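A short write-up of the structure that comes next.
For reference, chains read A, B and C in written order, and residue numbers begin at 1 within each chain.
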Amino acid sequence: MQVAPPPSRLLDHVLSSHQFGRSLLEAVFARARSLGGVRDRRLSGRIMATLFYEPSTRTRLSFESAMLRLGGAVIGTEAAREFSSVIKGETLEDTIRMVSAYADVIVLRHDQAGAAARAAAVSDVPVINAGDGPGEHPTQALLDLFTIENELGRIEGVDVVFCGDLRYGRTARSLVLLLSQFPGVRMSFVAPDVVQIGADIRALLDERGVPYRLNDSLHAVVPEADVIYQTRIQKERFGDPAEFARARGDTRIGAELMAMLPARSIVMHPLPRVDEIDPGVDDDPRAAYFRQARNGVVVRMALLEMLLA
Amino acid sequence: MQVAPPPSRLLDHVLSSHQFGRSLLEAVFARARSLGGVRDRRLSGRIMATLFYEPSTRTRLSFESAMLRLGGAVIGTEAAREFSSVIKGETLEDTIRMVSAYADVIVLRHDQAGAAARAAAVSDVPVINAGDGPGEHPTQALLDLFTIENELGRIEGVDVVFCGDLRYGRTARSLVLLLSQFPGVRMSFVAPDVVQIGADIRALLDERGVPYRLNDSLHAVVPEADVIYQTRIQKERFGDPAEFARARGDTRIGAELMAMLPARSIVMHPLPRVDEIDPGVDDDPRAAYFRQARNGVVVRMALLEMLLA
Amino acid sequence: MQVAPPPSRLLDHVLSSHQFGRSLLEAVFARARSLGGVRDRRLSGRIMATLFYEPSTRTRLSFESAMLRLGGAVIGTEAAREFSSVIKGETLEDTIRMVSAYADVIVLRHDQAGAAARAAAVSDVPVINAGDGPGEHPTQALLDLFTIENELGRIEGVDVVFCGDLRYGRTARSLVLLLSQFPGVRMSFVAPDVVQIGADIRALLDERGVPYRLNDSLHAVVPEADVIYQTRIQKERFGDPAEFARARGDTRIGAELMAMLPARSIVMHPLPRVDEIDPGVDDDPRAAYFRQARNGVVVRMALLEMLLA
């Protein structure tokens, strides 16, 4: 009698958007679609640890909801920085070794780029990067891309307008990278110079032959957009408060811009928003940002299932 | 073949004691009685979010225990005020929209009156008010009333002495309102002027024809009381510390007062207590306050089941 | 027909290492061994409360993992000191009475010696001491002793070298007491005077006829050791920083000491470590400290099962 080898896992850890080529993206999205509304016990007995060195309630609750809907359980901390052991001088590596003795998967949020890779190097269990400082936030990029596909029925050939803080905002950068794999995609980057998309990303788009435009006004690009991806600009990025006020004013989305946006296009935002989208837009069917938040749960369910199955 | 319509839910949200007329109260209490000792999985797969903008460990743990005994799961935060998104300027409404994407019911504690109603207006899932500042705390009022019925076998005709901070104490005010629906109930309000029951409540009792007395000494009213409802007085309510000390001294419950209380009467307290009930009273069978805390679990189980079934 | 009486429980509470004689230790360890890898639902419907008045993430997550692996559920708080009720002046006893209305077992961490016994005196449900200040931390002592048995195959006759802070370190003191019950055990205490093992412990070893040596160098004792039990020394114990630096230097475990340690011996540490064990030692198969952390889960599973079954 022969024993079949265990099926090789598609994923060992989720550390970076760069792990996700088109076929893996499609596998994750197909799984996520099939998990809408699922509440079962397929991960019964499995434990997820949420280890958040900086607070991110939205991301934490979304992961916890995903794990619980699959019948798994959750241990964790809202404030890993105040871990008694961290205060006593424990390294991240030792903390991860400890937590990997207690849990079957670790969701790590950290303020230093590369923390997730350091964790994966010593962990006995899969590590999911839930944001590592200025580094990556791959599950956000996945849920963003999943939302585009879900809302528009396609990713190829879409015209996406990125707006807000494109230099420091992790989410826009990661989504640009994922989108650049799909043929026919066009992008516009609307931001004041101080927070405009980085030269590294532009070089990569040039290399891949992806067409893009830089702009400082939404009006010019919105009429052709399939997606406006709005993000929050932090005041602290600007030396001059007046310049911040002007930049925010120029890129705020309200009734006037919505009137210029095609009927089947959508507005996305990683949330939380402050005032860069007028609450009056919320009831417009093209306002996709709350549906986008909801998609975070099924995408994370798919990833947890793939890591733990 | 005809598909039966879903039975209309008795409750969409739990926001205020004013929602609870006698028939609904009786339905909740009957359900609560039947849930004593229950540990099953009837809410398996359902998720409750506890969203506490101010700490209230007692209320939070009581809700969590209720949900878990029915097989449900819990996500949440001990400190919603430190939500990354709240710090970044997110509105309560946006936070609720987010959380309602992750959970099937939201238990909200907030420091502003009306917060629960604002939450319910935008939530896709039921909202339970677990205290909104100087506003309401309806589940506490329900468990208090349930305790009276459970301990005395009746609510009609009971004589209830309220004592302590009756002006700012949310719990006494809400219980007065619920009790005023039952025929024959008499009430006494024992408190120094600065924290005596408000004119609004007295006007309502007058309007409903409910007899009540104002008093500043417990001695006069205890011999006829079925229930003493004691509450904590906060020092900060008094300008003069000496006046606070005098007020507290006059209304402290100890051996002397217990000797005057009828044999089948009870002492209640929403807890935590400081020194307004002497610990020596704890072993007296008439000390109902720990049983009252225990009743919080079954009452909340009944509400969760009614909201989610 | 006769109804069999319920089997008497071996344990009502877990408060002190002194409760654990050899036969009870053997029962716990046998159970712990059988629970390795178990994930089932034998404690389904049961609720554990973690009540931590001082942070100890390692201990908390280990208990939570143990309860969840048995199908139980967890309520709790990372910061009991900030309990609204504690801030309002509630006594530990009243808090315990409240929590015992919500949970089936309470895991208590407190900063005052004797807190666990005070809690057990008023609790309706079992209390587990998860460390009470300078007092006891019995579950740590149990998992340490279990690790020795598991790694070496025996406890009788082992030679154990304790190193680091032996005066204030709760874990070393408790393990010494448990070990002293086993015939043939020899111990060495390697520490500078200011943190050397207390006279009370030495008197007890003398009384029991357990041989031990005091030393201030590891080199003399390591070649004969079966176990090195290393602990962290807190700088604050030393008046003179230079003396601290010297003490730490003398007792650090690195390649040189490992070369002197017999091939089948082990290095233990209750963790977190700072620099008293060189990370270069981690890959040595004799480095047992991460396996020791892992053993905490099965030992706590065994205790929870014995308390709740």
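Rule of thumb we're sticking to: a contact is a pair of C-beta atoms (placed from the backbone, for glycine too) under 8 Å apart; a residue touches a chain by one contact, two chains touch by 3 or more.
Since we're looking at a predicted model, the values are computed, not measured.
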item: Angle of the C-alpha superposing rotation, chain B to chain C, to the nearest 5 degrees; value: 120
item: Interface residue identity across copies chain A, chain B - same or different by half; value: different
item: Averaged-CA centre spacing for the pair chain B and chain A, given as whole angstrom; value: 41
item: Per-residue overlap in chain A, given as positions that touch at least 2 other chains; value: 78
item: Touching residues (chain side chain A, partner chain B) in the complex; value: 39-41, 54-58, 61-62, 64-65, 68-69, 71, 74, 78, 232, 271-274, 279, 290, 293-294, 296-297
item: Touch list for chain B against partner chain A, complex; value: 44-47, 49, 73, 75-80, 82-85, 88-91, 93-95, 97-99, 101-103
